[in-house]
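So that we are looking at the same thing, I have put the structure below in structure tokens.
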Amino acid sequence: MKERLSREAIAMRIARELFDGAVVNLGIGIPTLVSSFVPEGMTVIYHSENGMLGFGPVVPAEDMKELADIDLVNASGQYVQPKPGMCFFHHADSFGIIRGGHVDISVLGVIEVTDHGDLANWMFPGRGVGNIGGGMDLAFNAKKVIGATEHTTKDGKPKIVKQCCVPLTSPGCVDLIVTDISVIEVTPYGLLLKEYAPGWSVEDIQALTEPELAVAKDLKEIELV
Amino acid sequence: MKERLSREAIAMRIARELFDGAVVNLGIGIPTLVSSFVPEGMTVIYHSENGMLGFGPVVPAEDMKELADIDLVNASGQYVQPKPGMCFFHHADSFGIIRGGHVDISVLGVIEVTDHGDLANWMFPGRGVGNIGGGMDLAFNAKKVIGATEHTTKDGKPKIVKQCCVPLTSPGCVDLIVTDISVIEVTPYGLLLKEYAPGWSVEDIQALTEPELAVAKDLKEIELV
Amino acid sequence: MLNKVLDSFDAAVADIPNGAVVMIGNFAGPGGTPYYLIHALARQGARDLTIVANTAGGVGLTLDYDDHRLLFQNRQVRKVIASFPFSTSASRPSIAEKQILANEVELEIVPQGTLSERIRAGGAGIAAFYTPTGAGTVIESGKERRVFDGRPHLLELALKADFALIRAYKADTFGNLVYRGTARQFNPVMAAAAAVTIAEVDHIVDPGELDPDAVVTPGIFVKRIVQVKEDPGFPRHPERTFQVRGQHQGKEA
Amino acid sequence: MLNKVLDSFDAAVADIPNGAVVMIGNFAGPGGTPYYLIHALARQGARDLTIVANTAGGVGLTLDYDDHRLLFQNRQVRKVIASFPFSTSASRPSIAEKQILANEVELEIVPQGTLSERIRAGGAGIAAFYTPTGAGTVIESGKERRVFDGRPHLLELALKADFALIRAYKADTFGNLVYRGTARQFNPVMAAAAAVTIAEVDHIVDPGELDPDAVVTPGIFVKRIVQVKEDPGFPRHPERTFQVRGQHQGKEA
């Protein structure tokens, strides 16, 4: 029985990459979920493109009327809560933080990613248009870029490919790919399979992955916590 | 009897170039004196390189003990007083204001100035060294640059010359020269003598000026107030 | 004496001519968007505008409301320079999106960091700069590439505007501005990059009422100030501060 | 858990190695100059330093005091990058001045706006930028000239550092900083441009004690914080605010 991990489980695995004091930017989609799984006692400082560091959790649906404020939103437009030690700055300073390499970890969604770490995630393939937004600056400049994604498209095609078919967000930017069946490191020599979801073999994963996978000596089952 | 204007009178004449709402940066020396002669009811906003706009007067000698504060100084290191509506910013933003053309008037000292408006005022000729400081950015980028100077050096040599002998602060930057015997506009066609100190003839002034002076149709005695 | 305070949004935008370049503070919802100035510009009717803003309006994040999509709806826009020009929803394309795809409006798409830095450069007298962002992507097209420290960079040019429409929290009558939370966004950099900056604010106070150490936009950048006197009905608690004390909790976020 | 607060200035600078590039906040007097960190670095003795600061110390404006001239006195400096490196008084040349003229210390003189912008670029990931300042002067020597909008500009490169020694007014324990008046000067741009930024401050408070809308330096830029516990005896009234109210008077200044 080859079950795939849930979106929450992918986020849970990514949360294990965080560290105390890390400056982290979470993209739209699965990446946003990562903040729910930060280990107790660890200080993670979230960065938002619109000029904010160290903000608190998203306003829960039931508190929306009381707490939602258009002047306190994250880059996805979600209402968030204030937190002691947060601070605000303008957009150019915010991207100075990104471009200057002060974001430790950027977690981004994936349309396609290659064995060279090329990432495509901004152009909506069906519509022929796309929003570059702040993702390109993050992909180019964050110290570590983690791609968070289902391993295949809805119709079962590999998202980890030899070459991107849609316009790139950034060439060679992805360091780690966390999918619903695997954890894969992007090395200078290509892709290195490091972890697999319960029940999945190397061959199973390779079959759904276009480039060749090298297998880590310490290959193991994905640990979520 | 050909009296020369005092340093204060030069400053007084320059003050007549200010206008309501003007953003003004005053260099070290004669320029600093200009602030004492702003007409009643006119709002002039002083800019200081170290990140301050709209500050108040220099702390008088008798109030030094009570008011001097190292955290509130102008670009010459003089203690100044706070004023309603002032604001602070960092050095890069401060020079963004200068470079971006947001300073209306920069009043600068002069070692030499040419009929093309070339200004030299940073290299101490006797010492072979100099401080560029913030003057070069001001000379290059203020909307209007006024040179404030004695007409000649201590040993009587012209300071308004055909070519600068010491390194330039900025080529072609000076718009108006106010000296202790004249007011001279720098035009695309050369120097235009507009005003003279009481008792001084065009020939007197020309004799102390290296480049040729054209004479304004409305040539008049310098009016100080 | 200096007087920057105007009574009406319509008066504040009355002289924006056809063909003007107009920057508009805007990001993911109404926070920091000059809602009333945009409506006034829509009423005023200037055409052939070049709009510089993060979005092209109506992108559908969180709140659906009348932002500068109104200007597209009125066919006042010739060109838009933006990082996030399209709707987030394929099923609800924005007005600008349709006009862009029909070649009725020209689009210059710019990565968000490059967009904000180009505007900052415009205000700060930097003619152009080299950024790594975009090298080796479609963004590189037509741009000069140059390697610094072994890494390719692109040359990007400053952006300036004839007018900036911005939103702030409080202004003093000199035009000094403070912002509230993430409503700051593009507003301070746009304030410096336009020949005429017009600020829509919650409160106008006397000089001296703002802490000079906490002013974000120096008053010299702001030519006109108009106070909002009605409630547009967005979720907002402007009387609250975002300064919260108490035990820091590592878990939440 | 994050802990950035150190007890001693000596501990804070202990790991600065020989040959390090060190930025120092400094402008026209002791305001905003990290006086105790400089003294600690002088005691520590690291040599062959490259110092990036507005002055080379001891320029004699207003107050004569032991700023980073100490580092020159100790012969710890190999190179200085500054805009105002020489004494204002020909009769009292600074220590750095003598060493520069004797070719014992290398000088790179940079216009002040270009210096602050190069540092800002270093922190903000801009590799290089074009500024009009300096074209056609000695500053142009060895630099690329390029015309934008009919005006010559020079290409200037970003400046980064291994360490920045800065001075602020208040820090929270996360490293968020606010400054007091003109003591802000170069400190915020240097904070972002160094691998390790060390802040000397008057007060350390809990997170939440600083207004998040008024924080100038985000805490992520600051690695170490040390509180000043003695009075160096400079003219200063740190308990006073510079926020003054009352009738604006056009005359004074």
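We call the chains A, B, C and D, going by the order they appear; numbering starts again at 1 in every chain.
In the analysis below, contacts are C-beta pairs under 8 Å (C-beta built on N, C-alpha and C of every residue); 3 or more make two chains touch, one makes a residue touch a chain.
All values derive from a computational prediction rather than experimental measurement.
J.: Just tell me the minimum hop count from subunit B to subunit C, counting one hop per pair of touching chains.
T.: Minimum step count, subunit B to subunit C: 1.
J.: So using the touch definition from the top, which pair is joined by more C-beta contacts, B-D or A-D?
T.: Pair with the higher count of C-beta contacts: B-D.
J.: From the centre of subunit A, which other chain's Cα mean sits the farthest off?
T.: Taking each chain's C-alpha mean as its centre, the farthest from subunit A is B.
J.: Please compute the C-alpha centroid of subunit A, do the same for subunit C, then give the distance between them in whole Å.
T.: That gives a centre separation of 28 Å.
J.: Could you give the separation in Å between the centres of subunit A and subunit B, each centre being the mean of its C-alpha atoms?
T.: Distance between chain centres, rounded to whole Å: 56 Å.
J.: Measure off the straight-line distance from the CA centroid of subunit A to the CA centroid of subunit D, and report it in whole Å.
T.: 37
J.: Can you tell me which residues of subunit D touch two or more of the remaining chains?
T.: 1, 117, 120, 124-126, 131-132, 179-181, 184, 206-208, 210, 212-213, 242-246, 248, 250
J.: For subunit A, write out the residues touching at least two other chains, lowest number first.
T.: 41, 43, 82, 84-86, 88-89, 92, 95-96, 98-99, 141
J.: Spell out all pairs of chains that touch, sorted by label.
T.: Those chain pairs satisfying the definition are A-C, A-D, B-C, B-D, C-D.
J.: Name, in rising order, each residue of subunit C that touches subunit D in their complex.
T.: 1, 117, 121, 124-132, 148-149, 151, 153, 157, 178-181, 184, 206-214, 241-246, 248, 250
J.: Could you list, by residue number, the parts of subunit A that touch subunit C in their complex?
T.: Of all residues in subunit A, those touching subunit C are 35, 38, 40-44, 46, 48-52, 55-57, 64-65, 68-79, 82-86, 88-92, 94-96, 98-99, 124, 126-134, 136-137, 140-141, 167-171.
J.: Could you pull out which subunit D residues touch subunit A in their complex?
T.: 1-2, 120, 122-126, 172-174, 176, 192, 206-208, 210, 212-213, 215, 218-221
J.: What residues on subunit C touch subunit A, complex-wise?
T.: 27-32, 54, 59, 61-63, 83-86, 88, 90, 93, 97, 100-101, 109-114, 116-117, 119-120, 131-139, 169, 179-189, 216, 234-238, 240, 242-248, 250-253
J.: Which of the residues in subunit A end up touching subunit D in this complex?
T.: 20-21, 23, 41, 43, 45, 53-54, 82, 84-89, 92-93, 95-102, 141
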